[in-house]
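What follows is subunit A paired twice: with subunit B in the first complex and subunit C in the second.
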Partner chain A sequence: MSEGLKYSETHEWLKIEGEEATLGLTDYAQGELGDIVFVELPAVGQVLAPGDVLTTIESVKSVSELYAPVAGEVTDVNTALDADPAILNKNAEGEGWILKMKIAPDADVSGLMTAEQYEAHTKG
Partner chain B sequence: MIPTATAERRTALYERHVAAGAKMVDFFGWAMPMSYRGIVAEVDRVRQTVGIFDVSHMGQLVLRGPDALAAVERLTTNRAESLKEGRVQYTIMCYEDGGIVDDVLVYRLPERYMLVVNASNCEKDLDWIRSNISGDVVLEDHSDHTQLVAIQGPKSEDVLGRIVEADLSAVGFYRAVRLDILGAKTLVSRTGYTGEDGFEIYCANELAPRVWDALLSAGSEWGVEPIGLGARDTLRLEMGYHLYGQDIDATRTPVEAGLSWVVKKDKGDFIGREAIVARAEEGSAERLTGFELEGRGVPRTGQRILAGGEEVGAVTSGTYSPSLEKGIGLGYVSVVAGDELEIEMRGRTVPARRVKPPFYRDGSVRRRK
Partner chain C sequence: MVRHFARLAEKNHHVDRAIYPLGSCTMKYNPRVNEDVAALEGLAGVHPEVEGEYAQGAIAMMYHLGRFLAEISGMDAVSLQPPAGASGELVGMLMVRAYHADRGDQRKTVIVPDSAHGTNPASVALAGYCTMEVASGPDGRIDVDELRREVDGDTAAVMITNPNTLGVFETRIQEIIDVVHEAGALAYLDGANLNASLGIARSGDAGFDIMHFNLHKTFSAPHGGGGPGSGPVGVKAHLTKYLPYPLASRDEAKAEGYEYFMDYDRPKSIGKVHAVYGNFLVMAKAYAYILTLGPEGLRRVAENAVLNANYLQALLEPHYELPYKGYCQHEFVLSATRQKEEHGVRALDIAKRLLDYGVHAPTIYFPLIVKEALMIEPTETESRESLDRFAEAMIAIARESEETPELVTGAPTSTPVGRMDEACAARELDVCSWDGDREE
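Entry: the complex of A and B
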């Protein structure tokens, strides 16, 4: 886990810088999924409401979905994951980022957790 | 997300798995390792050199007595009579209606037959066998005091050879021998579920951790490592081997499951014979079919299989194949569907092509047959 990141109950991390945010899958979640073999990236420009499915991540044994933790619009996606989805296993909270988004002005980020709170959540 | 293990039953190797940091899962009540280092790395290890598996959750049922052969012949579809001492046979047990009770390995040992059954079916099989044997035959369940360690991969003989005195090259495919390992008696067969050369070692509970440790030290030169059930399932599916509960069950007969090769219709009476013969004559509407994805994705159990937009079947097993770097699977598909298929995944369809298993054709087991 990384300081300065925010975490959701559904295992996304967010790095919020002003109205922009970078979003990815938590390191804890990549460990639970195991070898990731495909990531379906969303389209740039997609408008997100909280709870919308952002991506589907396929590992050898299971499939998992990432959800939008806050409202906003997708501004960029990490196309490197198309060629090498295993980046997510190597560095989920850095090089393995999934998308960047513009957070909606009225978005509610109060439900997100700190690294410490998320760690407690995964151990609960 | 993958559930954490809450299972109550533990094999004699449980402490080894936990100490090695394995991701544990509840597999039909057993706390078993899903993976250690990662499924892809573990599959590669077995395909390239060698790995060891704890499959002690499987059941060992023994039939002995003068009528043991007659019992096995009646309970299973393959020809037990042709099985010589020290030989192993893949076979199935069927219900009267031809549905499959379980797929099993039968070992012909001195004065007894041993049936190795799926962990998920052990209790059911025991009841089924008990209610279908007669005459001078005794049924024993040896599962609780028997552990099973598999060593699989092209270097299996080199590694196991370092801890036994015997000449393993003399042990042919699907043969079983008594061997001393670390001063204790074991039963070793040249069998497996991976498509690679290898052995399965049956031993007493207290010996299993020592055999495990000895194999890990003996094979360090080849990078031997423990392999979990996740890689085991992927290895077996790359070979197109059936898994009971997914690819075969009580609702499927060997005819549509592609298992007619283990049904000897002319061997005399056995449970399910009439129904299987009738099914074979009338033909089945569906057949267990292998397919490879031609687009991105991983097929999963239960997904619909389409052809030309029409539903023609459903996936029974699917995985990502690390050896082939694509999605592969098995499913029951209408016999009138062509070779061009589609797998429906979460609202989209991915093109797939019918392929006759094995999907992976370079396994070392083919050099043994």
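Entry: the complex of A and C
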């Protein structure tokens, strides 16, 4: 868990800097999924509503989906994950970021959790 | 040549060697006499396109196997054509579609519980429907109140596995089916777990409209090598016209030697789903099995399957988490969360370590609603000694997880092939250079 990041109930983390945000899969979630073997990246320019499916992540155990925690538009994706999805297992909350997005002006970020709250959520 | 195959057999694990307790797969002993039956010249040698009057025995066998399955399930008619369980599911969903289309009432969704086999939503999607998930309650059974909220005029069908993949019987099944029928939808039973209820409960009596059977699980035709399987589908009378054609049939008005025929004149049929009649010799094995056991024998299959599973569950409950408590049916699901949290040993490691004890690993990480799941189905064909040996291995591994976890996480060490790198195999999928050379 990293300080300064915001977390969602569906195991995404967000680093919010002004109207830009970087988004990824939480370290807790990568541990639950096990060895990740494929990440399907979204298209740059894709407009997201809260709850939209962002990506499909395939591990040796299962196939899971990540959801947009807030509204916005995809501005960049981490193409390094195409060649080496294992980055997500090594450093999910840093080098293993999945996408950058421009947050919609009216987006509601109040439902996101702090690191402490998310930790409590995963133990609950 | 003989030595080559004997060596391969020695390297392999199979049910002739030791227990094969794959949850949801019913890896029972397959009586060898079934192979003799399937090899009979009259069955193995008959050409599928020979005129019906020269193949009366073969058609009669299919007809009577269909009647047996109908009697076992409480259904009215059965098609033997689908070659596997998932194929049976798809046939079921295509018949659901045909039924609603005929009524001019095309619907959009099929409801599937969160404990279902992964093939259920796949069959739903292939038939052009969207899947809606219904959650399991704290007792592992379908949450009937949530089902009531989800079912509406768009619901085409509900797919249910009973007992479900947790090995728990849906005790409110009657109520569930009433909810489904009141909304004008159909109730589908995934028959993968029929081994638990043979001769005891019939899906047709509970009100199900459609179900599939797995001849290669419940009825002892071999499987596990990729088939061939056989997934017959049974329906209630109001859906018979949609069954795949041709259907093995009997015209009692005709003289003996001419009465059995393959009925192609079925205008409302969803069509053919397999070449000729399906996997004919798999049917022969299942037919021999049913005739050998008879009604009392089939009931004993279910009784012993349930007894064996409960015996193992009772032996293992002190050593592993049992998320859904109480008596189980033919299988039960343990969780390795205690071993993972306290010692870093995952369900995968426990499964691999079992190989060192000469036991096939159970199904792991399924059903999805149990963390670190180990899904165990011993079947009725294991003796008490064999169950005890399996339990001893599981208990020894629980102890090793505490004392020497690296032994478990590094397993297997005694098999012809050691721990596979599954992540590497999936990340660097390259089936062309199979000599082991990979481009770096």
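In this section, the second predicted complex is superposed on the first by the 124 of 124 C-alpha atoms of A that agree within 3 Å, B and C clash if a C-alpha of one lies under 4 Å from a C-alpha of the other, contacts with A are read in each partner's own complex, and residues count from 1 in each chain.
Methods note: contacts are C-beta pairs under 8 Å (C-beta built on N, C-alpha and C of every residue); 3 or more make two chains touch, one makes a residue touch a chain.
Fair warning: this is a prediction, and the values are worked out from it, not measured in the lab.
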item	value
Touching partner for A:V47 - first (subunit B), second (subunit C), both, neither	neither
Which superposed partner A:A80 touches (first subunit B, second subunit C, both, neither)	neither
First, second, both or neither for A:D35, with subunit B first and subunit C second	both
Partner contacting more residues of subunit A (subunit B vs subunit C)	B
A:V60 touches, of subunit B and subunit C: first, second, both or neither?	both
First (subunit B), second (subunit C), both or neither touched by A:A120	neither
Residues of subunit A at both interfaces, subunit B in one complex, subunit C in the other	32, 34-35, 37-38, 58, 60-62
Residue ranges of subunit B in contact with subunit A within the complex	1-2, 23, 34-35, 38-41, 230, 233-234, 296-298, 300, 319-320, 322, 346
Interfacial residue positions of subunit A with respect to subunit C in the complex	32, 34-38, 58, 60-62, 85-86
Footprint of subunit B on subunit A - complex, ascending	11, 29, 32-35, 37-38, 40, 56, 58-64, 89
Contact set on subunit C toward subunit A in their complex	346, 348, 365, 368, 371, 422-423, 426-427
